[in-house]
Amino acid sequence: MSMATLMHYAPQVINLLAALLLLLAFAMLAQRRIQLLINLFAAQGLVLAASAALVGLVSGQHHLFVSAGITLVLKVVVLPLILHWLIRRLNVKWDVETLFNIPTTMLIGIVLVILAFNVAQPISLLAGTVARSTLGIALAAILLAFLMMITRSKAVPQVIGFLAMENGLFFAATSATYGIPMVVEFGVALDVLVGALILGIFIFQIRERFDSLDTRHLEKLKEQ
Amino acid sequence: MLALLGSPLAGAAVLALVGHRDRAAELNVAFSMLTFLAAATLTARVIAGGALTVLDEQFFVDSLNVFLVALTAFVGMTTAMFSRPYMRIERDHGRVAAGGLRLYHSMYQMFTFTMLLVLTTNNLGIMWVAMEAATLTTVLLVALYRTHASLEAAWKYFILCGVGIAQALFGTMLVYFAAEKVLGSGTGALLWTHLDGVKASLEPTVMSIAFVFLLVGYGTKVGLVPLHNWLPDAHAEGPTPVSAVLSGLLLNVALYALVRCKVLTDGALVSGAPGERAAFASRLLMGFGLLSVVVAAFFLSRQRDVKRMFAYSSVEHMGLITFAFGMGGPVASFAGLLHMTVHSLTKSAIFFAVGHASQKAGTQIMDDIRGLIRSNPTVGWGLMLGTVAILGMPPFGVFASEFLILTQAIALQPWAAPILLLSLGVAFAAVFGKVQPMVFGDSNLIRLPHQPALVPVFSHLAIVLMLGLWTPPYLADWYRQAARLIG
Amino acid sequence: MISAAGIAAQLTELALAVVLAPLLTGWVNQCRAWLQNRSAPGLLQPYRMLAKLFQKEVALAHNASPMFRTAPYLVFGCLCVAAAIVPTLGTDLPLNAVADAIALVGLLALARMFIALAGMDVGTAFGSLGARREMLVGFLAEPALLMVLFTASLISHSTSLATIVETLAHRELVIYPSMAFAGIAFTMVSLAENARIPVDNPSTHLELTMIHEAMVLEYSGRHLAMIEWAASLKLFVYSCMGLALFFPWGVAEGGDWLGIVLALPGLFVKLAIGGAGLSLIETVSAKLRIFRAPEFLGTAFLLAVLAMLVHVLLEG
Amino acid sequence: MLASPLHDVLACALGWLAIGLVGVFQPRNFWLVTRVLFPLGAIIGLAIAATALAAIFSPPSSLVLPLGLPDLPFHARVDALSCFFLLLLGSVSAGVSVFAAGYFRRGEGTPPGLQCLYYHVFLSSMALVLVADDAYFFMVVWETMALSSFFLVTSDHGSAEIRRAGFLYLLIAHLGAIAILLCFGALQSGTGNYTFETMRAVQPTPLWATAAFLLALVGFGAKAGIVPLHVWLPEAHPAAPSPVSALMSAVMLKTAIYGLLRVTFDLIGWPLWWWGVVALVIGLVSALFGIVFAAVQTDMKRLLAYSSIENIGLVMAGFGLTILFKAFSMGALAALALTATLYHCLNHAFFKSLLFLATGSVLHATRERSLGKLGGLIHRMPWVAWTALVGTIAIAGLPPLNGFVSEWLLLQAFLFTPGLPHSYLNMLVPVAAAMIALTAALSGYVMVKFYGVVFLGQPREAKLAEAHDAGIRERIGLLWLAAGCVVLGLAPVAAIGLIDPIARAFTGHGLALGGAAGWLMLAPISAERAAYSPLAVLLMIALLVTIAWLSVRLFYHGRMRRTAAWGCGFPHLDARMQDTAEGFGQPVSVVFEPFFRVDQAVPSPFDAKPRYRQSLDDRLWHWLYLPVVRAVDKATALVTVLQRGRISVYLMYSFATLLVLLLFVR
């Protein structure tokens, strides 16, 4: 495959990957089973890494390879493993309960996607990158992850939602801007890792104290 | 400069190693003092020589942040002094384990480090990273007691701030995206000094969308209504020194980040957008500020927990400061900065007094704390004067800044002034009505085994009193310079 | 400038008031007796009464304070000054520049305050009851009286009684409808203030209906004499005030020696008619319950305010 | 003497502060506080009074202090108006401070040193209020005054009732301060300059001027205690130690009047006529309301507090009249009304502080504030009783003392009102005059009740027999204030001379005082129209009393015998048969029934232990205040919906905010 063909197909592939990301985001929104949710999260990470690598290849921003590597390690391997280990340890096998039913959530999700595309449109017009049209998708992925956090009442899916949001952010960074400077990226990655660890510890403690991971038990602190 | 950041970082490491040994608290104080000394030297240098950048432009101090650096280092130091007896009593009461103390001391230094990093870094990305790190360290501090309530508070704090701050990252990326067009890709496009130079040519649409994300992101940390929900929980359930630094410093730091972003957005919008849009960022800040003041004022009267009440009071004051920065102009920004100073000094002093009071009473429920002035007059007076000060009674400095903000509001936004004033009136009724019986009347309190640390309380109040009656000229100049930077 | 005639008129007036006041009381009592078809006491009965009281020893309650003993003299003094202020013979009185209509009301109020305080001093049930009722009557009557005087002041653009009399008597004759209202109000106030029926009954000693008498129940001997004398003086002052406001004709203008001399018989005649009128009113009306007194005096007050309003509306 | 009167005043204020600071470092040194610090404070008071007296005729002087905000340093200025009120402050506080030196006792409530601090900070801030010449300085000292007096009010903070009173006081003071701040905001007319100098120079539009006036009326009115902002006053004044009640009633309320005058005549300059009507109506309502409530009180200090509302009402009525005259360019009459207003301020300061101090002595001697448990104290406490009599006569507005003079002037001002260009206004005047007359008459009733129940009659409780008279320092304080009442009553011309510069500055006219009789005769317009000479009246009364007394002695005898009280022959006379305070107030509560919210329980004929209970409540409390409290309560209940504890909902807020803002930005 020559460089030229690569250049020719790359934007299309990136778009494809973006679409895949969005699809995965929707899938996560609709997913009830927690193991599958983690797997979907890992898949999203994979897509992310691939797209980052591709963008890096196309644009010649080689530090994106490093980012792709970090993503691969962190989001495809380490975090899903931690999460799997967590649910095994906590013996969480139940289905994920949602606050709204799934179709409603999906419907809201579609509205969000439309909104995200609309918001991102003027920005995309300015983007000079190969992945110009993907910014909307990134934003949509962020919003969908946000929605997922809102609709899930258990602690673990909320954490996954949080991490998925991070995925969306990362995608935005790679697609729209060829990646943010390395220093920052390392910092972000570190924060995510530490954050995930702390969340993990917390989930243990909450489980220990409340005998449940349902955040609906965490409603003691409120105004009378 | 390096000493400034190095001291707390080293402190964190050393204290993590030292653990819970008796000297840990003293070491904590010592490191905080070291930090303050470094901050003081830095401040002196900036006053003498103007803004400076260090380490390949990665760090940058101008009059705006050096003032916050000094404030942060000072309150950090006094809080460390306060926490020495406070945490010792907590340990005696068995509320916190030895390991907990190790975590507390090292995280305290770590937290100071992250805040100073936010303040001094020149890189918007690093600023975000440090802010997130500050969240992480404080989450651990809030959860220190491992009780139901503290876990719940910490969880909410983490999730809400984590999600919020993720939006800020997206906003930061958009800024980078806009800057890239002008500055080219690379680290330079996130350096504030560079961005500030080219802010007029940044894309206005992108910048305004970016500002929305940044506002939601950092606004969550500032505690603007309706993003404030984590704040009262976290303040009420964490150890009191942590509440003091959260209220007194972290909120300021987050607001600082927001203000830096606002400067860029304003620059882009003023030159690149038609009239109406130019004031976009200002309007948003004013709107959120006003909403926060009003809602927080009404929340105040429902409170039973003393720390929770003062947490809402922080929301109110942050709203006021945000409103001031939203109005803009030399006087309002000046007032906003002054209010930042006096609020953080007063509020931390209040938390110190409240901490001792609730230790005496064994509870944070206000109805169970009575007659402090009989059992321990100094703590009682500290709380009384602090409350009076925070409610904007002269001759304390909070009144000075509120006076400036309100008079500016009358001049620039006459519609908002009565709303603000009425909210302040409601807040006054709520807070004073609750604090008065805590301080006055017959006492139900016990004596504590350790002498409370009252130097922090009264040194803060003394400074606040001075600022109400007299602003030293160099301080005023300093504020003026910073206000000019904010615009 | 104050003329010699003025000073003479002033002194005459004062002396006349002090001397004649019991006579007026006697005359009223006599008229009333006639109207009620009783055999009348002599005209000089009040003087005999005073003489008797002066000779008696004072029986002072253990609990009485110096206030109790000084009050009769103070009341007497206040009423003397009040009597001296009201122009009866001439208008060029030195004291007129010293105190005007408002001061006159003030002096009457001062006298009332002292007597009420004295009533409370010994600490008997009747004393404080009387004092309370006296003050009740006072706070309703005083503003009404003031309003009456104000109406006259508005007409004459002055609160000085001399100027009022001069305006009313010596300028061209104008009919003032406001003065009609004021006249009725004034009559009602005078009845109340002088402890007359329908508000009070000067001759009763029925404990629960007394006002004035209850208040002075603890007084005896010379103190009581001073109080009684002061009471007659008060009646005299009110009568003269009424005459000055509503029938001012005959009072001499300025330092006119002849006028003053001529005014004297006029005064006698007017007082005699006034006294007879008073006894007529007392005879034809019944005493009100004390709880109705506020309504009676309230009416007087409203009439007096109405008088002022009428003045502003019709004459202004 | 320093460079200028302003320096002197500031030095005195600093002196007071210094005294307070000495006190706080020696909080339990009783001897130092009462024997040195308070008398020293009194001397400073005299110094301020002397300075003000000397400076009242000199032109205004001003000064910028190196304190305050960087762009708005403290501006200070004295002119005739400040001097007049400084004179009031200094002279009254001198008496009160001497009294206070003897009043504060060992081991009562707050340590004496702290009391000393609050007290002198209070004095100092009042002095500074009077010289402040920019909005910031004014607000700082104004609120300091509120705060220090709050601490004084709650110095006996053990009782929940006192704490509640203090809270109510500070709250209303604070809300008032908010209104004042807004008023200054309206006055700077967009210049952004908050010095009074600028406010004087710029002419606000009528709309802004009206806003400023109404805000000032609310703000200063809250401090002055005008109806309906009066609720704190009858709670806070009685709660405070008596010297403090005296200062609050006598001086602090006057600072509010000072503020109103300053804003209306100095900063705004040209008032609109209908403001006068507003002030007049408020004043009359307050006056009548205050005195009617005073008549039914059973607590002696509450009674005096309500009487303060009345007096402030009279002052406000005079103020309203001044505005009316000034707006219609009737300078001479405006001067008359202003003189009456200021004179009444001065008078009220003296007689009200005198009476509050007297109640303080009574309170100390008997530990009893309730009128129902006092009585007969004229025997045990002659000094207090006789000085209080002076105050009683003065406050009742009777000649020849000072209360009468100002009421006389006020009524004169009313009598010359016809001739206003609005016919409705002319109608209003008789009604207003009638209300003033009624108020004055009622105050006589109230004061007879006060004096009679406290000092006369038989002691209602056995313990009153142990009551002791006031100490020497208390006596000096009482005598000083009583002397003030007498002097102001007898030499009105001299006192009015002090008001003249103010009247000339604000109305362009003075009173015609140089008449034939000069200093002896008060004839504000002309001797033809009205004249009054208190000294002559007093001499006449004295002369006639002496003549009467001497002639009785001369012609008859002075024989006297002490015996049991007669009481219509009823033998078992005891103290409980006297009229109680409730009984004395009963006629008023019947006549003015609509004013009260009456709650009474009448015993049935079959009750074994019949008890009669009656409470008279302020309707405004239920009509105005409770609804506001309920509304705020409801609002707070509404906002708590925001904080229900569910994290998903919180996330939703943040999400919704983001979405809304994104839609907004599009």
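Order as written gives the chain letters A, B, C and D; numbering starts at 1 within each chain.
The rule is short, and it goes like this: a residue touches a chain if its C-beta (ideal position, glycine included) is under 8 Å from a C-beta of that chain, and two chains touch if they have at least 3 such contacts.
Bear in mind the structure is a predicted one, so any value in this text is a computation, not a measurement.
Looking at A-D and B-D side by side, the one with more C-beta contacts is B-D. Farthest chain from subunit C, judged by C-alpha centroids: A. Chain geometry summary: the mean Cα position of subunit A and that of subunit D are 70 Å apart. Between subunit B and subunit D the centroid-to-centroid distance comes to 44 Å (mean Cα coordinates, whole Å). Separating the CA-averaged centres of subunit A and subunit B is a span of 31 Å.
Computed from the mean C-alpha positions, the centre of subunit A lies at a distance of 101 Å from the centre of subunit C. Shared contact sites, meaning residues of subunit C that touch two or more other chains, are absent. Counting partners per residue, subunit A has 119, 146, 149, 158, 215, 218-221, 223-224 as the residues that reach two or more other chains.
Counting only residues that touch two or more partner chains, subunit B has 155-156, 159, 163, 167, 209, 232, 299, 302. Chain pairs recorded as touching, per the definition above, are A-B, A-D, B-D, C-D. Residues 375-376, 378-379, 389, 393, 396-399, 404, 408, 411-412, 415-416, 418, 426-427, 429-431, 433-434, 437-438, 440-442, 444-445, 447-449, 451-453, 456-458, 516-517, 521, 523, 527-533, 536-537, 540-542, 544-545, 548-549, 552, 555-557, 559-568, 570, 573, 575, 577-579, 583-584, 587-588, 590-591 of subunit D touch subunit C in their complex. Contacts from subunit B toward subunit A in the complex involve residues 123, 125-126, 128-130, 132-133, 136, 139-140, 143, 146-149, 151-156, 158-159, 162-163, 166-167, 169-170, 172-174, 176-177, 180-181, 185-187, 189-190, 203, 205-206, 209, 232-233, 236-237, 299, 302, 304. Interface residues of subunit A facing subunit B in the complex, by the touch rule stated above, are 61, 119, 122-123, 126-128, 139, 142, 146, 149, 155, 158, 162, 165-166, 169, 172-173, 176-178, 180-184, 187-188, 190-191, 194-195, 198-199, 202, 205-206, 209-210, 215, 218-221, 223-224. Only residues 640, 642-648, 651-652, 655, 658-659, 662-663, 665-666 of subunit D touch subunit A when the two sit together in their complex. Those residues of subunit A that touch subunit D in the complex are listed here as 99, 112, 115, 118-119, 143, 146-147, 149-153, 158, 215-216, 218-224.
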